[in-house]
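Shared between the two complexes below is chain A, which pairs with chain B and chain C, respectively.
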Partner chain A sequence: MKVARRALIGLLSAPALAQGAAQIVVIGGGFGGASCARALRRHGLAVTLVEPNATYTACPFSNAVIAGLRPMERQRFGYGALRAQGIVVVHQAATGIDTTGRRVTLSGGSVLSYDRLVLSPGIALRFDALPGYDEAAASVMPHAWQAGAQTELLRSQLEAMEDGGTVVMAIPANPYRCPPGPYERASLIAYYLKTRKPRSKLLVLDAKDAFSKQRLFEAAWAALYPGLLEYVPLSAGGRATGVDVAARAVITDFGNHEGAVVNVIPPQRAGAIAQIAGAADRSGWCPIDPVSFESKLVPRVHVIGDAAIAGAMPKSAFAANAQARVCADAIAVLLRGAAVPEPRLLNTCYSLVAPGYGISVAGVYRPAEGLLADIPGAGGTSPLDAPASFRAAEAGYAEDWFETITADAFG
Partner chain B sequence: MAPVVALLLGAMPAVAEEAPPGASSCFGCHSPTREGATIPSLRGRDPAEVAAAMRAFRDGTRPATVMDRLARGFTEAESLAISAWVVR
Partner chain C sequence: MARVLINIPAAARRGEIIPIRTLIQHTMETGYRPGADGEVLPRDIIRRFTCTYDGEEVFSAEFSPAIAANPFLSFTLVTTNSGPVVLRWEGDNGFAQTETREITVA
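Presenting the complex of A and B:
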């Protein structure tokens, strides 16, 4: 009887759900949360999306905005399509979660009950991790790692800089949002300097020695930006140990690097609500069951996107969208009391190293030993020796991917 | 209970069905609805044609930028299940 009743819940339309139906609350309206809310709604479930901002500003392609190659307006998305689909969108912050009583408290004081909760809170920047780099410092040395005002600040600083100035970037150790993102940013800032301020230099300080698509990036840098872009890995003293805001400098064990423009990408952790829910572990990120994306720490709470510890799967918008769909399917299955089948997930991440020059990394993942693992023999990067037509095709696919993924998430 | 369920089912709108393993990720690039996309929609295609493309990508006999890398993550049986689902 119980199972049969649950089976019905997944099939009811919204008006029929008014009483006694499963309530799903999704916290976070980015690529993961918006995609998941829509996928859950397609299953006929009653879905409430909690997102404080009325407009979402997308990170993918924001490096092109910083380099003056793209207007900021193209990064902005609203939630009208979600509402039209029957999703209740609440523009408040979630301030508390009672995981025993299964209730979410909102900043306005109201309370939402849930049968299943999906957390897709993205990242929080750790302003306690790099001495000197706090929120006030970010207004002088922008991170631009959450798109919006910070993206525009870094853009305007580059525009205001005189030709001949030095731009300094500091890149953190793993894990962080968008593994190839800093190197795409370095590439596109170098492109901006080369074409607009050719006497300038870009110094890239990295807290690690290896990074995503490294050989492709380094080959492109050698070909396109020789003498302009200098990359300093961990082993050559690239790790930032702090910042000096007054001097606009990044501090390393080997000296201070002053810049006319300084972009500091600080260490990160899961968005704050993950800690509040008790879904984050001591690493600051959220361990999950790789089959259902249910938290390993809190029952009936699922975590997707950048906040999750997803093993080999990177913290990318593509991954968040793919996880959102798998998580929504898993919740639909769980609500009718069935066992969740083992999923497969994909990721494809494009980076631009210059306009019309795209490179990619892809992966196929399956659950293994409690994490998501690469399926051997699949995935990998674009070939090193590809012709310009191949790079141009990937740059075009990157744009097309952005249009599709944003249409899926935001309508 | 069973007749009641059948009655209710008949009156209800169709809802999404869970995807076979790997299939839902395809929509990250292949939009079923967006007009003017460069990356083609798979909706309405012959599933056998999609499965043949997956096979050719997997074997390396069809040129690709990224589909060769992705198709190698799936067996023939998995590709057939994906192909049947993504064309709907």
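Presenting the complex of A and C:
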């Protein structure tokens, strides 16, 4: 009942309720959920954000934390600005969703009613996908693919490793959160080893042969980390088929690779609440209408961010933020009973391959044949033959991007 | 010579079922795909794979244009005697490659 009363206070303090008493519930307080709640509130709607954690720990730039280039504090964000805007923020987990009665049950037992529900649950790591790699294994061989304690665990393991040790990384097949993220991480771990533990090696095992910004990464690796970073793609036996926790080894079809530090990024699916809502299909991800981000499986439920099947759009914080704003606009239009205009969405991903050395990929997307498709000729990647000043400028843009997007999402 | 990865146990007990895994780096060009100049790239695939053990064929596979690049095969055999396991790939444009591994059966 406490929650319902707080929801009422939020409603009364709203400046002008253009949509009457329409109630929007947003589940998940990451880049997608926080951005969407704020955009919905700007439309004058009554918004409740459900997020179990009082503090959000951002994944973008967390690879720099792992490499000791950035303090963890700069990754943390609170929800004060959302509350100040009149959004009701409930720090509980959503445990049940009745999509017929349009009700969300919270871990505290209370129930929220909604007219429209937005799910932005991010990813769940699949601890059933890679034999031997379960939650207990992640405390020995961290994934660090959800920022927080895992990020700090991988950082501390790298710090504790003796010079001359081998670091092993295992990278999954598509789709997964942040397509260029593993390669940025490999770059920055290599930078840490080169500068602090130069007799060490980094072995990067990949379940695929092609990846985002590949030519830029490979050119940078050849220039900056020759002999230190060894990349093994699928076609050279790089696909992990399991792990041996006791031996701290990644198992492949052609041999086991032991490491002093082992970072396993396992396969993923949409966050658990997407399954509970019935919004995820057999792939583990959520099919959506690319115009409104409404689920193709359950009405009046919208899915944004990493959990959604967004076609050519990658699973990134920038994409989640862009989708959040399109989704909020669509919900405001739908509540008025009007037709949703066709959106254009933008994504830019910056990656650091060393301090002061940034590379980027950008894309523009529009709905086509039920998915979001790349608009040919729009976007692109950083040039291959750019001078150091260009790379330094892009590293600076990456910092600016982080400030901008976290300000938009968290205030 | 294409790069080949092979995982065959060097030693096994008689009658043991052992896994054979192999991957060969090959583009498996389908013959249906246009290249950068718009012209269809000629077909270039591996057409046949055979595995003999101690002189006898124990496994073979016919490949088609639908088989992905860098074909990966995984199969098992039952050990009888110590002897060579010979893997052979043959394909378009006279492609042929043979790899041999000895198994010691005790």
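The definition used in the following text is that the second predicted complex is superposed on the first by the 392 of 411 C-alpha atoms of A that agree within 3 Å, B and C clash if a C-alpha of one lies under 4 Å from a C-alpha of the other, contacts with A are read in each partner's own complex, and residues count from 1 in each chain.
The rule we apply is simple: a contact is a pair of C-beta atoms (placed from the backbone, for glycine too) under 8 Å apart; a residue touches a chain by one contact, two chains touch by 3 or more.
This one's a predicted model, so the numbers in the text were calculated from it and none came from an experiment.
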Once the structures are superposed on A, label A:A322 by its partner contacts, choosing first (chain B), second (chain C), both or neither.
first
Touched partner set for A:L234, first chain B, second chain C, both or neither:
second
With both complexes superposed on chain A, which partner does A:R83 reach: first (chain B), second (chain C), both or neither?
neither
Look at A:D209 in the shared chain and tell me whether it touches chain B only, chain C only, both, or neither; answer first, second, both or neither.
second
Taking the superposition as given, does A:D253 touch the first partner, chain B, the second, chain C, both, or neither?
second
Is A:R199 contacted by the first partner chain B, the second partner chain C, both or neither?
neither
Of chain B and chain C, the chain that contacts the larger number of chain A residues:
B
Given the complex with chain A, which residues does chain B contribute to the contact?
1, 5, 8-9, 12-13, 15-16, 18-19, 21-22, 24-31, 33-34, 37-39, 65-66, 69-74, 78
Could you pull out which chain A residues touch chain C in their complex?
209, 234-237, 253-255
Would you pull the chain C residues touching chain A in the complex into a rising list?
3, 5-7, 21, 23, 25, 69-70, 72, 74
Flag every residue of chain A that touches chain B in the complex, lowest number first.
1, 4, 7-8, 10-13, 16, 39, 42-44, 318, 321-322, 325-326, 329, 332-333, 341-348, 360, 362-364, 366, 375, 377-380, 382, 390, 393-394, 396-397, 399-401, 403-405, 407-408
